[in-house]
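Below are two complexes that have chain A in common, paired first with chain B and then with chain C.
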Partner chain A sequence: MERIDTYPTHKYKGFNLRPGRPIPFGATIVPGGINFSIFSSHATGCELVLFKKREPKPFATIPFPDAFRIGNVFTMIVFDLDYENIEYGYYMDGPFDPQKGHRFDKQKVLMDPYAKVIGGRDVWGEEPDWDDIYQHRARIVFDDFDWQGDKPLEVPMEDLIIYEMHVRGFTCHKSSGVKHPGTFAAIREKIPYLKKLGINCIEIMPVHEFDEFENSRPSPVSGEKLMNYWGYSNVGFYAPKAGYAATGRFGMQVDELKTTIKDLHTNGIEVILDVVFNHTAEGNEEGPYISYKGVDNKTYYILTHDGYYYNFSGCGNTLNCNNPIVRGMILDCLRYWASAYHIDGFRFDLASILGRDQNGAPMNSPPLIESLAFDPILGKCKLIAEAWDAGGLYQVGSFPGWGRWAEWNGKYRDDIRKFLKGEAGLVGAMGQRIQGSPDLYRWHESGACTSINFITCHDGFTLKDSVSYNGKHNEANGEDNRDGNNDNDSWNCGWEGETDDVEINRLRRKQIKNAVSILLVSRGVPMILSGDEMGNTQFGNNNAYCQDNELSWLDWDDLKKNKEIFNFVKSTIAFRKAHPVLRNKTYFQDRDSAESGYPEISWHGTKPWDADWSDSSRTIAFMFCGKQAKQGKGNDDFIYTAINMDWNMHSFELPEIPEQLKWYIVVNTDVEPPEDIWGAGKEKEIENQFEVSVGPRSVMILIGKKSN
Partner chain B sequence: MELKVDKKSGITVIEIIGDLDGTSAETAQKEISEHITPGCSLIFNMEKCTFISSAGLRVLLVSAKHIKRENGKGALAGLSGDIKDVMEMTGFDHIFNNYDTISKAIEAVRKEK
Partner chain C sequence: METNFSINYENKVVKVTLSGSLDAKRAPALADEIKKLIGKDIEKIVFFAKDLEYISSAGLRVIIFSKQKIGIDIKLYMVGATEGVLDVIKMSGIDNIMEITDTYEE
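Let's look at the complex of A and B:
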């Protein structure tokens, strides 16, 4: 039966209108037209501005009649629009009174904060028309993708192996061999590679629409244009970055991203989005009007008492996350990505800001973080916090997680790096990190998987650079090497930067393997930085946020050059996946739940059952009892790992295991390939079953099992 | 955009000429649906189709679902490389089999049970 609300009730300059529905916010296709809905707590009037796609001037401006306003929401259905070929924005009227937090300017065309598709930067790096009065243009989305039965994978946290990547960086280099470099479609082309590597989750650096031209400038070193390459500066929270889609020029980025996600899911790979809700691209009082500032400045931003922007993000402004309206917007947004894009999880950039109140003070039980933890639509999504912000709040271990949130464990990174470079006094900390950091997270209901273990991430050195540089080399960023972290806990192994020295390069490869070995036997969720598996270097730049060039792009020829590293990473991932005792969501039990005669984890030193926890110690060994895997329900081998970060070789006497079992070698980072790692079923039985010699700065992993 | 319809021994060949986009999608959908009958065989001749937008791709997808519901058969013929590429990247390549020429498409539709 035909509905009566498909007929207009009003006319304005030839447009057929009727009062809209306030929910959902944004622009929604309804029978016969488009429902536009936007809220502003302080605006006094609002006009809908319609453009033909890419046209400089609007073809219509339609004021919202007073009768169409419900509460603080302006809403209207406009009939008979060619919705594929229009762009829409708003003029908002209201006071310009910065001291009171209001910055209304009815001359500015404002983007809908709920825009699902945004034009204006359709092709990455294509210079926009700077005279255009509407730079980031809201468009109407077709929200009817044919998922063919796909749904989020819901891989248990303990089984997850995350691969942090950048859409452009992954395939932009000419060596990638893909049809459309630097795009979502190219990720799809590389799925066979990701499967070969063995990871089961990609965490993609920001894909929400941002402006790559923000703060663009020439590099003082190369003269090349520096861009906002990483994209930690949102223009729109609901729209995928058009320039990341090969089909962005046709406005089809939504379908391209969804197709990529569907294919990743088909191949057993989850997708986590890195989301940036701490600030927007509008900067401070000097920054541009894009949307929020002109729609409802006082609601969207945390402001000082005299109307200036608080800058807890380090990027000019701070989103007012615990204002109930903004909180609702963030929740709506994540629900949208989880349901419309089948996203498996979110990593929240500078998540501590999400816990600040409207005056910027940290809260005990932040309502936004709680809402996300208990939201039914996000009920199976992974929620991962970067538990600090640029305003000095550091909450690793104390981020309020309600048993749902995991955290990027910055302490894991710092302690492992220090231990790897041979610093003393870290054995105790290593004991904690290897167990999933119970010292930080034992009180969390989500157990050991609260800890996202990583040694490298996009921020900071790549793994190769962490063993090749003592200090950062960010001159090319044009900030006199002031930007980027100074506390890298890195060691160059004897020479700063690239070298032909055979011994130094050998040691670097070994250190990379040591790091990977420790990461993949640690309890918690391992995360690998894209490119580390092929020995990617950024030549000492530890903050490549603006380097859209070969410094950041993965050189796929490295796969051949560093085949040894790739093979090692791939095989270590396979080893983790093959052994359930390495993957458990609970902390190690002190009791013997499988009546095996062994604890789930036992600590050893150069003598069995006698770990050296002293400050001067640089050696530690630990053994997992496979019978205890999955609370005694699994049946795995014994796994013994000896770590020697001393510069001398040490002998480790092995703990006794049941006599029908023998020790086999899986990993020995001190020897050259192919004997550095042995694949499943091919492990090499060791001659001396009572003692092993672990080389200087080396890791050895053994398994105790019945004969091959 | 223009549609030309030709019937060849029980098979309806619909030629799409020009851009299939938001402007033409609704009309195209209506015209195509008139040819979707129980057990029909439909081939879309895309040789002269210069561009397909999101709305255009949805016309094909909706037609495919409609044909399936009527237990009919459908195929595409003569897609240009660029359009084929866009269809692959946006996940619309699974909706119909695509053949280089009309005669190959006709042959395939005939063999299809």
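Let's look at the complex of A and C:
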């Protein structure tokens, strides 16, 4: 006999009901029916609204009987629903009193904040029916995916090489050669490429459901439709973006994303999600009702004393992250992604907002950040903060991380860029950045791994553009070039934009290689912007958030055009992976724990052991002692790097190494390929073992080892 | 309910021949038929899909459902599926739980 745990106790217009279970929030399949549970501390009543998939009008509205409300949670089991084919929402009743923070409107169908599948924008760019009363439609998720033994990879932080990418931009261009451009499935097709490049982690720009039509408008330059392309504006935190799935039209986005993650894991590649908990797509008082605003405005948003929205995000509203309820929602959400999708880590957009209190003031020990740091389910997840916000809080080096959080190191980006373009007075800063920024993170338990080192990211110039443009060129965004960062620390090498000038192009290629070399020999965790490895350009646009077109999409033909760059990036990544001494996570402690006779890292100049730290200096050299790899337990080679950002050539006398070892050249950005980089085991022994000439604006990397 | 499949159980093998669309309208009937096989001695379920033109999420769920309900050790086959159908099966990862072949030999 089959045991029955739950059975209907109530009836309403032919629907069989029973009081539900308040936890978990959201819609959950239970034996015989669906358990609906939603929180609102200020609503006076709630109705469940049921639609057949994609139908304009609901087929049922079921009020929650008073007996079905526990505390501030409305909860109900509805039996015998054809849950594969329904969409659900809520009507919330309550006061409309904006001054007190309440904006209830019983006429609006509201999406469940815990919706795990969201319909309405099933195919990217397909114009929605704007008359639809329910634009973003919650659906029921199935938990029947077979992971076949997969689990998050738990790659040690110090071994990570992150590749920041946009799902659509990665393969949307016709040159990508994939079957379903711009989708999760297409990333799967490109796994062999990612492996060839050698990265072991992709950080994907927002994949939570968002509305690509939010604020869409024609471009004043091309007339083309500008979209919410980047997606930093959440509709729902729990649902993957349907329009990013080739199977979105079938409602199979959950399966497609999981399959993609599983295959990435099988190939040794982790997945970090870029998550946006600082605001939602509901904008300010002028914005639409999607969910939170109508469910419990005062709980979900930080409001001024007279009920207006604080705008620390620069996007109209600010999520009330340190309200205990919202905190719970965020924690539940990340736990869900970590467990249901095997996500390896999260990068938090404008993470400093997560540390503001309910009045918007920065807190000393923000409970949300602490909860995430110590959460058992997130225990092995990477947590990375973009440690600033649009309200002026800048916490690089001071983000409260409890030894668990890493940070996007904005200072690394700025200092390296300035040094690369030949600014003086930066040698001291370079010393810090190359060591993993101990000036910022010495007090952090995770040491150098706290620093996510990057020179470029989605926000700002691509690497190619940072050596091709002095200023931003964002006219196509339709904001008279006012948007986007003005402090790019870029240098066009003598001509603004594309040019046929052979010398300028040669210098640009060299500068790209210089940047890549420095990034991959620095301690900390390197992050590469997708496309930089093939010389991708956005033609000087440093804020392509709305450009869903060839400006943003990677042109895979660049791989052929810029084979030299790809080969250089690939080989430098391989070099980093082969040499653990580059990845030590503890800071130099001025101790020779391996009894090698050499410090772990030593600083040099044109004379060995004599670095020029003066303000006018543009040269620096440093040597890692291989015996000090893996905190003194490894056995690596000596690695010597000379950086000359002066416009004249300089000779660097080399430090002496044990006599059985010889210096071999790995990288010389001053020479043309194939001699710009030498693969493992093929490094070229240098003739003069005592001195090298480093060309103008060039980087040279040597290894000291026994013969090949 | 409208059906567009035939199902046959013989010698520990279930043969399901699909045609037209396996969508939200038609998938529940197939799921009901498969439910009837729960508890029987089954080694293989073979879906003949040469004439299947379209499969929706509900149809795909029936395939997953077959494996879960009949038994984790049974073998699933998808025979002769068109490119369009196969594409959806592959992208959603369901190809991991079944063997995809052009033809089927007894």
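A few notes on this one:
Keep in mind that, in the parts below, the second predicted complex is superposed on the first by the 703 of 708 C-alpha atoms of A that agree within 3 Å, B and C clash if a C-alpha of one lies under 4 Å from a C-alpha of the other, contacts with A are read in each partner's own complex, and residues count from 1 in each chain.
To be clear about the criterion, a residue touches a chain if its C-beta (ideal position, glycine included) is under 8 Å from a C-beta of that chain, and two chains touch if they have at least 3 such contacts.
Since this is a predicted model, take the numbers as computed values, not measurements.
Superposition note: with chain A as the common reference, chain B and chain C are in steric clash.
When both complexes are overlaid on chain A, the residue A:Phe145 reaches chain B and chain C alike.
Using the contact criterion defined above for the overlaid structures, shared-chain residue A:Asp555 touches neither chain B nor chain C, since it reaches no partner. Contacts of A:Asp636 after superposition: neither chain B nor chain C is touched. Once the two complexes are overlaid on the shared chain, A:Asp670 sits clear of chain B and of chain C alike.
Chain A residues 82, 84-85, 142, 144-146, 148, 179-180, 184-185, 188, 245-247, 250-252, 255-256, 258-259, 262 lie at the interface with chain B in one structure and with chain C in the other. Residues 82-85, 142, 144-146, 148, 179-180, 184-185, 188, 245-247, 250-252, 255-256, 258-259, 262 of chain A are the ones touching chain B in the complex.
Chain C contributes residues 24, 27-28, 55-58, 60-61, 64-65, 67-68, 87-88, 90-94, 96-97 to its touches with chain A in the complex. Note for the complex: chain B touches chain A at residues 21-23, 25, 53-55, 57-58, 61, 85-86, 88-92, 94-95. Chain A meets chain C in the complex at residues 53, 82, 84-85, 142, 144-146, 148, 179-180, 183-185, 188, 245-247, 250-252, 255-256, 258-259, 262.
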